Structure formats: C-alpha cells, structure tokens
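Next up, some structures in structure tokens.
Next come two complexes, and both contain chain A; in the first it sits with chain B, in the second with chain C.
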Partner chain A sequence: MTSVVATNQTILVVGGGISGMTAALEAAETGKQVVLVEKNPYLGGRTVQLYRYFPKMCHPTCGLEINLRRLKANPRIQVLTMAEVTGISGDKGAYSVSVKLKPRYVNDNCTACGECGKAVKTEIDDAFNYNLGKIKAAYLPSSMAYPQRYVIDAAIVGTSDGEVAKAACKYNAVELDMQEEVVTLNAGAIVWATGWQPYDATKIVYYGYGRFPNVISNVEFERLADPHGPTGGKILRPSDGKEAKNVAFIQCAGSRDENHLRHCSRFCCMASLKQTHYVQEAFGDAGKSTIYYIDIRAIDRFEDFYQNVKSNPNVNFVKSKVARITEDKEGNPICNGVNVEGYKRYATAHDLVVLAVGMEPSVKGMDIPAEVMSDSSGFIMADPANAGIFGAGCATNALDVNRAVQSATAAALRAIQVVNKVARAEA
Partner chain B sequence: MAETKTAAYICKGCEIGTRLDTAALVKAATKSGKMNLVREHDFLCSAEGVAMIKNDIDNEGVTHAALCACSRRAKTEAFNFPTIAMSRGNLREGVIWIRPDTDEARETTQEMAEDYVRMACAEVKAMTVPPGNQKTGSVKTLLVVGGGMSGMTSALESSKAGYKVVLVEKSGALGGWAAKLHKRVPTREPFKAPEDNGVADMAARIEADSNIKVYLNATIAKTDGAPGRFKVEIAVESGAIAQEDIGAIIQATGFTLYDANKLPEFAYGKTPNVVDQAGLEALAKAAAAEGKPICRPSDGQPVKSVVFVQCVGQRDASGTHLQYCSGFCCNTSIKQAMYFKDSNPDIDTVVLFTDLRTPGNGEDFYRAAQNKGVIFSKGVVSQVTPNGNSCTVKFKDLILNEDTEAQADLVVLATGMVPVSGVNIDAVAAAPAEAEAAVEGEAPKEVIATIAPESILNLTYRQGPDMPQFKHGFTDSHFICFPYETRRTGIYTAGPVRRPMDILQAQEDATGAAMKAIQAMENAGLGKAAHPRAGDLSFPTVRLEGCTQCKRCTVECPFGAIDEDEKRFPLFNESRCRRCGTCMGACPVRVISFENYSVNTVGAQIKAVDVPDEFSQKPRILILACENDAYPALDMAGMNRHDYDPYVRVIPIRCLGSVNTIWITDALNGGYDGVMLMGCKHGEDYQCHFVKGSELGRYRMSKVGDTLKGMNLETDRVRDLEVAITDMATLPQKINEYAALIKSFPPSPFKGF
Partner chain C sequence: MGANNVNDVNTQMAERYKNNFLKEIEEQAEMGDWVKMCMQCGLCSGSCPTSFQAGWDHPPQELFMMIRAGKRDEVLSSSSMWMCTSCYNCYVRCPRKVPVTHVMHGIAEYAYRIGRAPKNQPTQHLSKTFWDNCTKYGRVNEVKLTQSLYFKDGIGSGIKKAMEMQSVALGLVKSGRLNPMEAIGGGHKCKDLKGIHAMLAKAKELEAQRKAAKATAAG
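So, the complex of A and B:
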C-alpha cells in the first residue's frame, strides 16, 4: 500500500506539469506540506515535450533540471505518479481526497539500469512522442524522467514478455501483481493544475488532419525537431520520410472560431515563429517557411522575436485563413485560400503543413469531483466565494510557459492563505 | 563538535561489480582515500544498503561519507542523509556507462573508476555540514512600493496569508492607473462589456485591514540591509522620515503612457480632439459624472465619429520609439470604443490596427465589439491633421492596398507603456567607462541621453540604488521557467514595471510576487538560500586577514550581495547571497569559501587524480562541468550509453562563475594535459542560472592564455565549451575531439613534479 502523510494543513496539487510543479515547489519552499499528483509516470507535463522555448530558444529540460533538483532537495513534497483524483469531499480547510493509483509494475527498488527494457520484445506506441514512434513495453519515458524508474506497460503484464522483464531485473523491482489502489488523504487546499490538450485537429475537417499524413500539428512538429524525438531531430515528413524543406504553418487552426475554440490560445503565433527557426536550423537557406495568419500575436516584449523572423527572407507571411487543404499525387499538401492583403487567390503546395492548434483546457469535460467554477470555454474561474480549490496555469487560461508559472506561483499563495488559516485555528 | 569519521561505500549493483574490480576500489578508498571505514554492497540503494549507512551514522559515528555508486542526480530519495557531509563518486553514469565493455577498455575504465573513488573521498574530507546562516533577520513585514492595482493586490493577498504589510504610495490616493479608468476590460464571463474599475472596493478593503499600514504622499528615502532585516526609511509629506523594519520588498511602481508629443505627425497637442488613452478615460469619466455623452473637447459637441489608432509609437523597428508591444492597448481601445457604442450605436467607431492582439477570452470581447458595430480595419496611419473641429486621419488600408483617409471628431492614440523602474544601474555603472573611452575616441558618445530618473528604492547596495533592468527598462526576469527570478534577493517587482501587461495579469503577477516575497522572508529567517539553490544552508565565509581589498567579489556578485565596510573590506550580506560561488571564483587570494563547496573541495579532487607519467601515453584531462546543464547532459550521455574518452575526469561545479583559476593552474602544474570548462550559454540570451556566472567564468579563462604561455604550454590546453542540457548525444563527440587534440600534443612537461 502506498502511504501518504497529509493533514488539513497539507496542500494538494493536481497535475505535475510546469504549473503544478511550480505551485508545489513554491508552497514547499515556504515550509508547507505538499502532495503532488500526476497522471503520467513522470513529471514535467507538456513542456518537456517541447524542443525549445520562445523567445530565448533555450531548452525546457534546463528549467526542469532545476525544478527537479528543488524537488529532490525538498522533503516536504510527496509525489504520486500515475495517479488521478477521483473524489473530493469536505470543504476548504478540511478536504478528504481519494486518489486512484495505477500500477507501474515497478517498485522503488528500480535503479533505472535498463535491463528490463533490453530484455522485452513487445513494442508499444511512444506516448511521449505523440505516438510518432514505438518504444519497448518496459521503458523510461525520457532521459529526464522523474521518478527515474522504469514503467512496465500493462499490455505485457500477464504475458511471457512480462515474465521476461521480471526475470531481467536483478533488484526485485518488477512486480507484475501490483494492483490499482485508491488512497485517501486530507488536504486543506487544492491547486488544480491539469494543463491543456492540443485541440483535436481531426475536427477541423477541411484541413485533412488524419487523412493527409503530411498535415501534422504544432506539438508533433516539436518532436520532429527534437534530437531526442522519433526522427533524431530530422524534419522528415510522415508519408515518405522525405526532408520537409517547405513548411506551411497555419495559425488559428481551430482557434478564434465559434465552431471550434472561441478563444485565442496566445502561444501559437509565437510557437510557429519559433518553429520557423527549426526549419532554418535544419536546412539553412534551403528551408522555407510560410505562415498563414489572421493577426500575428507576438505580445509585449516578444515583438522583437517577430520582427527578427519577419526579416528572414526564408519566411513568408500570408494574411489569410486557409480555406481548405488538398493533396496532390506526390502527397504534397496544398493550401487553398485568398490572401486578404490584395485579395489574391492561392493554391500553394508545401512539403509539410503544421497546424497551429490551440489549447483546450484538460479540465474541459473532466469531472472534477467538487464545486469548481469554469467559464464556457472550460477554463477554471476564480471563485468569488473563495473556496479552497484554486486553478493554476493553463487550467485557468490560455497561457504561455512564463505566464503559467506566474499563475501557479499566485495559486500557491492562495492555497497557503487557506492552510495558514487552518494553522492559526489549530494553534 | 563531534569527531570526524569518514566512510566510503562502494556499490556493486547495476554491473559496477562485474565491470569493475571493486576490491581495487576498496583499496583506493582505504589507501589513497584514507577513509576510516570502507564497505562494499551489492545494491547500495536498497533498503538494506541504506540501513547499513544509516547504522554507520547512528552507531559508528560516521560524519563524512563518500558514496561511490551512481550519479548524484540518481537515487536521491534513498541516499538522503542530511546530517552528514556526503559526496558521490559517479561510477555508473560517469564510468561504466560511458565506456565499452571490452577487454582493451578494461584497464582505463578501472583507472577512471579508481580516480572517481579517490576524488569522492578527497572531496568529502574537505567538506563540513553547513550550520546555516547565523546572521539572519526574522522580520516578517512586507514592504509594497506603489499603491496601484498591483501594489494593492500584493498587500491584500499577503495580509490574507497572515502577514503585515507597509504600503507606500507617492500620490495622495490609492488606485494608480486603474483609478483613472472610467471602466476596466471585463475579467469574467461573458467578456462582453466593460466592468467597474474595482479600485474603490480594494481601497476600502485596505483601509479596513489592520495588517496593512498605508503611507500616502510618501517615497522610499533609503533601503538598507538584507531579506529578513531591511531597514527602510520612508519620506513622508511633512518632510519627516519614518522608519520601518521590513522582511521583503515588492516594487509595483507601474508605468506611464508613452508621450504622444514625441509623435508630432499625430497632432497630439495641436488640437484637443486628439487624445491618448488616458485622455479618453478622462473624457469618459467626466461625461459619466455629468450624465452626458462623451463630447469633443474643442467645442463640447457630442462625438459622432471616433478613430482609434493602435500601436502609436510602439512596435517600432526603427528604434525611435518603443520597440515592444504593450499588450493591453488593443483591449483598451475595444473597451473605449464600447463607451461610445453602448451609449449611442450610431456613433462611428473605427479601430485602425495592424495586428489585433486580444489573447485568451479577449477574443470574446473583440467579437462583442464587432457585434456592437465597432469597425476594425487593418491600416497604418501616417498622419492626423486638425481640420476645424474635426480631424483628418490619413492611413494606408492594408486590405485594399490603397492610401485613404477618414474624418473623425475624436482621435484616440494607443501609445503604450513605459515602466517606472528608477535608475538604470547598469547604464550608470557603464557611464564612466564610456566617458573614458569617448575621450580617446573621436566623437564623444551621448552617455546618458536623458536626465537620470530618481531612484525608487534608494538601496544602499554597492551595486546601485535600484533593481537591475532587463530589456526596454522593464525589471523582468530573464528566465522563462522562473518569472520571479530576481537579481536582488528578497526584492520582487510586479505589474507593468516588470513587463507590459493588463490589469488582470498585473493582479495575478502581484499575487505571485507576494508569494515569492513571503517565501524570501521565511527562508531568510531560517538562514536558507533563495532560488535556484533553495534551502541551501551553506553561505560564504571570508578570511579577512588574507583579503587584499581588490573588490572583485563586490563588483562581480550577480546579486549585489556584497558591500564594502568602512575599512573597505567585503561585507557579506548572507541572506542576499544565492550561493553561486561567483565571489569564490573571483577571489585572487582564495579567501572565500563555502562549508560544502570551496577552493579546497574541488582542489582536493583535482589533486586526488592519479596522473600517470609522461611515458604511459595516458593523458589526463580535467573537465569542470556546470551542475545545472553540462553535468546532467553528461549523465544522460551515460544513460544512453554514448561512450567518451577514458582520460577525462569530470568534476561538477555550481557555476562557471565559481571556477577559481587556481584550479586550472593547479591541474596544469600537477601534470594534467588539458582542462575543459563546460558551462551554459552567455550573452544576450544567456542561460546561466546565476545571471553572469558563465560569462564571468569565461572572461576569467580568457586571461588564462598568458599563464599558459608563461608555463610554455599550448593555449589549447584550456578549452571552454558552451553546453546545453540537450547535448547528450553531441557532447561525447566534442570530448573525444578535444581528447584527440590533447593527444596530438606532447605530454605535459609538468608530470611527475
């Protein structure tokens, strides 16, 4: 049984992406007890699936390393991975929370030596790389994965490959009879930081995502550019593995659109501008990018970054909402539409189309087992009655990393306000 | 003090035991390492292994332990012994995982492992457990400078968490910019209409809050001290000085609008019918007070047509005006257009823009304005000309691609934000140097273009009276993952002084800053470091009798932690210190050290390496790798089994800035054949977590060339490599290339001395 020590002065943080980690660390570094719950087998969330950040073009794992070191050094945070909150009862200052823990089939003995991964034969979809590749069914999700422990996929449990993994482990770390369990814990305040999902691009039927292999999403493009991604950092298009030197970026794909997401996701313009750098980095002047846009939203000091990309002769800007994507015989996607500046029709072939899909809050449609206010787009709203559950990061608004961390830092204080009140009452 | 007892533990798990001769490792720890107790274990991180170590600590009196197993980044939960000094010898990621399992590699791999055991022993013997900063201050009162929306929010949120707040506002009332607003952009669903500005409610809450003490018409005359023990002098209206003991500070001094007079082509000042966004708010407030529609200033007639010009003096690539986008003005113009449309739908309201920027739910607000009949047109305005009681707005319509014009009763210019951030201390520091250069050069440069603004905080810090500025005068953090990273520990900026932002974001920002300020006070009281080495109890001590008063430490500290005392010796303010070790790297006489990280902890490791003689053809290359990015990259190279050269010996360091040149000269004098430094990117988009550490480290190393020449050594024997954490695949190759270069040189002539 997993044991969790928690009281009414404990802060529960739901979601172990950069927002959740930040909220947990800020609270713990102020002396509070924290339980951090993450549904993946590792921390870091969506940021660690990015190759680089705008505008510095630095690597998300750099910040993750610092956050992990803060975490390792802080005894006040208990991390539960492969865990989901299934029930919340009580009120602020005295919640009772049930958390479902899925079996990892690997216990704390694991040294991450990798023998189980070497031994098993079964391959599964590589979720970390948005299923763009395959991995062994006994795996470490990434080199930066924390906890640094392997995962045995449920698919091989009960098969001979499962036994192979168990036999390969010299440390009795593989436990194939591990069961799903539910733990109940107390918490005074809860920070809900469950982040976002990329909008489901198959719903934008006229862009052919899912039908045309060379139409991909912006988050998938990050994995293609990353040297630790499925192509070793080579920008190869999915249909034939050809180098994608002529890349189109379609902004507001499913965003600012009453039929899809009404809101603007804020980060996608900057993300596409950043991704033109990937094309330039990979192919030099042979790499061409075209950005189809409505408004370029390089807000506040990011304007420099936009001006810099704009001055690159290899990047072309077309003010147009692409009407439809078709495909030619060679599998090249063709963007069809009207350039609003001067009203010219175009039908332009590209090697690869990247849909800049926006963010949909993960809480949308999720059944948070408590009273939490959301707006009609699904983002958590601040509750004027100030209960003890607070949203943080992209669960509350369409935010870039910097602003998500800010939001999470603020949420940590709101949670502390509640548990400090409990502490004063109990003192 | 308890007697020192040293122990080394050699793990045999993860193939360490099969790939290496662990008996020889035990011998290395016993003979060369001179450890009192040496134990092997098949699986050191197991419950049993951990219990063994714990037992040695509790019952054998072990005070210093060298754990020779996996990387210091691995198994940290198991190897958690906070009461003793501990080092980690990296035999797994650092040795067996980066070496091929072949017969010919065995000997050099074993030598590598033995060296790492010796190094771990030497390091731990030079360490002590930090007792924590003794000169702490325990004041838990927060100072908030600025009583606008950001400052009020910081004050209220801190109070709610149980902290006392002193709020200082230079004007006679709370509310700042927000108080000037007729209404504010909506913050809640359905995001369709302007809302009350919210100032009166917040000001009333502050007045009723016994935790918050407000000074109006007051400024900060002097800020002295450090987190937990700031002494702040507040100049009040009467001219008197009030004293407050403060634990941490939030600067929320806001912004002013960019001066529209700098853009004569827009006729601001030439006709009262051209206003900036503040001017329009004033008109709207006055009109609301009188219950009248908004009127044209020139003749008092109700406005029938209005044009909003976006990005005036903003997003200016020419560098004449503001280069950035202020982020809030699109929504503000939409809101102001609604002032007209909501009162009379027949008023022509046109917004001329190039990119309309309404992120998030601002999109609903934008759509609501379109539904109310506000016209949005993509156009660039070139000129506004007064035309009787009207104005002519000339613009290029970007959709029709033609020059055209519009008539309007009123023109509103969206001019953007200029932060009120006080003195630009970097420019002031650079000024004397530039003036000196100008004397020698031909044309004297304009050193400080405008009259230096008044200081806001009046810090008594040696490095200047205000917060260091980032781009465009904003006092933002440079880090994406760490927006509250501050270069003055315990002082945080919030709201538009930090970055252009709207009210909603400013309130969120102010809450986050309050969190950080509270945390800084709490940790200062416990003698613990602030981010990124949060919780670190070590702090620098200086042996003043050896100090030559060269001032390098006081000048180079990236956080302004060190002042000079009246005798001109360095005065360390420990709770300002972030434990990066830049001072230690800077000190030419090596009198600065930390309990667990010093010239000696690294120097002893360098000396512990066995340097074979010149006939062995086994060179030794020292790698000093920054623990933040380079060391993890090396670890991950190991995890992915990328081999590299067996002659390198890697020592993790806190930051390149902490590298003292004595380590380089000691290594070369000791017969090492090459030294490689690995640190983060520096320059404009620097990634150093200690701001200037990697830059300073590199600067110092650039001076090592002379030393090398003096020693008759090739300058390539010291190499500086910029490393990112993702370089795990390319780094081994770069190490191997460097090793090949070193092998092409004759062996170091200093071997055997």
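So, the complex of A and C:
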C-alpha cells in the first residue's frame, strides 16, 4: 500500500507539469505540506516535450533541472506519479480526495540501468514523442524523467516478455503483481493544474491532418527538432524521411474559430516564430519557412522576437488562413487559399506543413470532480464562492510557460492563505 | 471663437471617417449587420468552389472590406454577389460564423432594389425570371421558364439553343419529368393560387414594415 501523510493543513496540487511543480514548490518552500499528484509516470508535463523555449531559445531541461533540485531538496513535498484524482468531497479547509494509483510494475529499487528495456521485445507507441515512433514496453519516459525509474507497460504484464523484464533486473525492482489502488487523503486547499492538450487537428477536416503524413502539428514538430526525439533532431518529414527544407506553418489551426476553439491560444504565433529558427538552424539559407496567418499575435514583450524573424529573408509571411490542403504525387502538401493582401489565389507546395494547433484544457471544467466555475472553452475561472480550489497554469487559460508559472505562484499563494486559516483554527 | 473653429475642424475630420455605407448596408441589406464581424482571414474565398478569379470582381472578404472602406459604387455594381452558387461552404467554415452566403445575397438584393446592380447579369436574369414565373403560377412552370431563358437574347439564339437541347428535353418528357402541356397552361398547378398571391402580398407588406422600422430605429 502506498502511504500518504496528509492533513487539513496539506495543499494538494493536481498535475505535475511546470504549473503544478511551481505551485507545489512555492507552497512547500513557505513550509507547507504538499502532495503533488501526476497522471504520467514522470513530472514536467508538456514543457519537457518542448525542444526549446521562446524567447530565449533555451532548453526546457535547464529550467526543469532547477525545479527538480528544489523538489529533491524539499522534504515537504510528496510526489505521486501515475496517479489520478477521481473524487473530491468536503469543503474548504477539509477536503477528502480519492486518488487512483496505476501500477508502474517497478519499485524504488530501480537504478534506471536499462537492462529490462534491452531485454524485452514488445514495442509500444512512444507517447512522449506524440506517437511519432515506437519504444520498448519497458522504458524510461525521457532522459530527464523524474522519478528516474523505468516503467513496465501493462501490455506485457502477464506475458513472457514481462517475465523477461523481471529476469533482466539485477536489483529486484520489477514487481509484476503490483495492483491498482485507490488512496484517500485529506487536504485543506487544492491547486488544480492539469494543463492543456493540443487541439485534435483531425477535426479541421480541410487540413487533412491524419490523411496526409506530411501534415503534422506544432507539438510534433518540437519532437522532430529535439535531439532526443524520434529523428535524433533531424527535421525529416514522416512520409519518406526526406529533409523538410520548405516548411509551412498554419496559424490559428483550430483557435479563434467558432467551429473549433473559440479562444485565441496565444502561444502558437510565438511557437511558430520560434520554430522558424529550428528550420534556419538545421538547413541555413536552404531552409525556408512560410507562416500563413490571420494576424501575428506576438503578445507582450515578444514584439522584438517577431521583428527579428520578420527580418529573416528565409521566412515568408502570407496573410491568409489556408482554406484547404491537398497533396501532389510526391507527397508534398499544397496550401490552397486566397492572399488577403491582393486577394489572389495561391496553391503553394511545401515539404512539410506544421499546423499551429491551439490549446484546450486537458481536463475541461465540467469534468473536474468538484464544483468549479469554467468558461465556454472549459478553462477554470476565478470564483469567489469557491474558496478552496484554485486553478493554475493552462487549466485556467491558454498560457505560455512564463505566464503559467506566474499563474501557479498566484494559485499557491491563495492555497497557502486557506491552510494558514486552518492552522490558526486548529492551534 | 477659436474653440468653435477647432470643433468644426474636428467634426469635419470625424465626418471623413464616418462610414455611412457600412451603416447603410447594416440597415438595408439582409444580414448586413454581420459585415463588421469579418476578421479578414480569407477562409471564405479560399473555400469558394467557383474559382472566382475568372468571373468574380471581388471575393467575399474583399467585398466586406470594401464596404467598411465606404466604396459604395464599386460594391453595389460588383458582379461578385451574383456569382455565388449558394454552396454554403464559406458559411459552414467561417471562424466567426458570419453567414457569408446570406450576406452576399442580401447585398445583391439591395443593389437590385435600388437599381444599382449590373445590367444583363445572367444570374440576376434567372433569379428575376424564376421569381416572376414561380409567383405567377404558384409553382414553377418549367417549360415557360426554359423558354424565357432560351429566348432572352432573341429568337435566333433561342431556336439554336432549343435545338441543341432537343434530345435532353425529349428524354425528360419520356421519363415523365417534363410536361409539354405546361406550354399552353396545362401540367401541374397549385391548389390555391389566390391564397398564394395573398400570402406573398402579406409577406411583402410585413417586410416593408420591418425595413421601415429598422431604418427608423437606426435613425
């Protein structure tokens, strides 16, 4: 049985991405007890799946390393991975929360030596790389994974491959009889930081995502550019592995659209501008990027970044929302539409099309097992009547990493005030 | 004295930027109040199956921008609204849910109503002929509709067209899809022609009332 120490003075943080980690650390560093619950087998969420951040073009591993050091140094945070909150009852200052823990089939003895991964034969979809490749069914989710422990996929438990993994382990870390369990814990305040998911681009039928292999999403492009990704950091297009030197970026793929996501997802303009750097770095002047856009929304102090990309002669801006993607015989996607500057039709072939898909909350407001107020997109809204559950990061709005961290810190402060009141009452 | 002059100058300057034509379209054209919602993304034009470059003066989002820029003459005499085939692709896809198809028809109808629509425009001719035919008989008299379209450019071209389509017409007659008796007032009719005429007259009256009310409300 997993044991969790939690009282009404504990803050529960749901979601271990950059927002959840930040909220947990900020609260714990003021001396509060924190339980951090994460659905994946590792912390870091979508942020660690990025190749680089804008605007400084630094690697997320750097920021993650700092946060992991803070986490390891802090005895007040208990981390539960492969865990999902299934029910919340009670009220501010006295919540009772049930958490479902999925078995990892690997215990604390694991040294991440990798022998189990070498031994097993079965391959599963590589979720960390947005299913762009396959991985062994005994795996370390990413090189930076925390906890630094392997995972045995449920697919090989009860098969001979499962036994192979167990036999390969020198540390007695593989436990194939681990069971799913539900723990109940107390909390005085809850920070809900379940983050975002990319909008399902197959719903934008006229872009052919899912039908044309060379139409991919922006999050997948991050993995293509990342040296730890499925192509080893080479920008190769999925259909034939050809170098994608002529890349189109389609903005507002799903966002700002009453038929899809009503809101502006805010980060996608900057993400595409950032990704033109990847093309430039990979191929130099042979790498050409075209951004199809309605308006470029390089919000806040990112205008400089935009102007910098704009001055790059290898980046072309076309003011138009692409209306349809077709494919030629060589598998090149062709963007069809009308250029708003001049109102001329175009049909332009590219090696690869990247859809700048928007953000939607990964858990929509109405699916949260507690009373929270949410907007029409499912993002959590501030609600004065609900004084104990606080949204943080992309669960509350479409935010970039920087803003998500600010939001998380604010949520931590609110949660701290609630448990402080509980502490005073109990003293 | 000086202050008054400044105010005059301000009023004059403001007048220059007041868009009376957008207001006019909003008040007069069916669905015209949607024009201001367009964000110029171009998805409507890109989705248009008519490949407008050949026949169209202006794709929809250009037309919307021209309305907002106050280009009254160019908009009202444009052929674009008349080229729309009502496939509704633009309406379905518009990210702002602008009923593009309906707005196009609304502007076309308004241009026609005030006598500014382009002359000898074939779609317009068909619409008018169809409407007259349909309201006169209570349902479309297909033979007479075809006749009036074939002979619109004179007897010679009409006979030529009719000869070209002879086998199609015979095929339609044989399969019971076309009744030649319609040419002399036979064929299928509606049950209550008087009732339909009364209904149309009432609808026209109500529409006129509604438009007048809207114009008054807009002041």
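Everything below uses one rule, namely that the second predicted complex is superposed on the first by the 424 of 427 C-alpha atoms of A that agree within 3 Å, B and C clash if a C-alpha of one lies under 4 Å from a C-alpha of the other, contacts with A are read in each partner's own complex, and residues count from 1 in each chain.
By definition in this document, a residue touches a chain if its C-beta (ideal position, glycine included) is under 8 Å from a C-beta of that chain, and two chains touch if they have at least 3 such contacts.
A quick note: this is a predicted structure, and the numbers were derived from the prediction, not measured.
Student: Identify whether chain B and chain C fit side by side or clash on chain A in the overlaid structures.
Tutor: Overlaying the two structures gives a clash between chain B and chain C.
Student: Touch check for A:167: first (chain B), second (chain C), both, or neither?
Tutor: Neither partner.
Student: Answer with first, second, both or neither: which of chain B and chain C does A:109 touch in the superposed model?
Tutor: A:109 contacts chain B only, not chain C.
Student: Does chain A have more residues touched by chain B or by chain C?
Tutor: B
Student: I'd like to know which partner A:339 touches here: chain B for first, chain C for second, both or neither.
Tutor: second
Student: Give one of first, second, both or neither to describe whether A:397 is in contact with chain B, with chain C, with both, or with none.
Tutor: first
Student: After the superposition on A, what does A:206 contact: first (chain B), second (chain C), both or neither?
Tutor: The answer is second: A:206 touches chain C but not chain B.
Student: Who does A:256 touch here: chain B (first), chain C (second), both, or neither?
Tutor: Both partners.
Student: Just checking: does A:323 make contact with chain B only, chain C only, both, or neither of them? Give me first, second, both or neither.
Tutor: Second partner only, chain C.
Student: Regarding the shared-chain residue A:5, is it in contact with chain B (first), chain C (second), both, or neither?
Tutor: neither
Student: Taking the options 256-264, 382-390, 436-444 or 652-660, which segment of chain B carries the C-alpha atoms that clash with chain C in the overlay?
Tutor: Clashing stretch of chain B against chain C: 382-390.
Student: Name the residues of chain A shared by its contacts with chain B and its contacts with chain C.
Tutor: Chain A residues touching both partners: 256, 319, 340, 343.
Student: Quick one: which bits of chain A touch chain B in the complex? Just the residue numbers, please.
Tutor: Touching chain B: residues 18, 25-26, 29-31, 53, 55-67, 69-70, 72-75, 108-109, 111-114, 140, 143-144, 148, 170-171, 226-228, 256, 262-266, 295-304, 307, 319, 340-343, 375-377, 379, 381, 397-399, 401-403, 405-407, 409-410, 412-414, 416-417, 420-421, 424 of chain A.
Student: Name, in rising order, each residue of chain C that touches chain A in their complex.
Tutor: 39-43, 45-47, 51, 53, 58-59, 61-62, 92-97
Student: For chain A, which residues count as touching chain C in their complex?
Tutor: Residue positions touching the partner: 206, 252, 256-260, 294, 319-324, 336-340, 343-345.
Student: Show which residues of chain B lie in contact with chain A when the two form their complex.
Tutor: 13-15, 43, 45-46, 70, 74-78, 80, 157, 160-162, 188-190, 315, 317, 323-327, 355-364, 367, 378, 398-399, 401, 471-472, 474, 476, 479-484, 499-501, 505, 508-509, 511-512, 514-516, 518-519, 522-523, 531-532, 534-535, 628-629, 632, 636, 639-640, 680-681, 685, 687, 689, 724-726, 728-729
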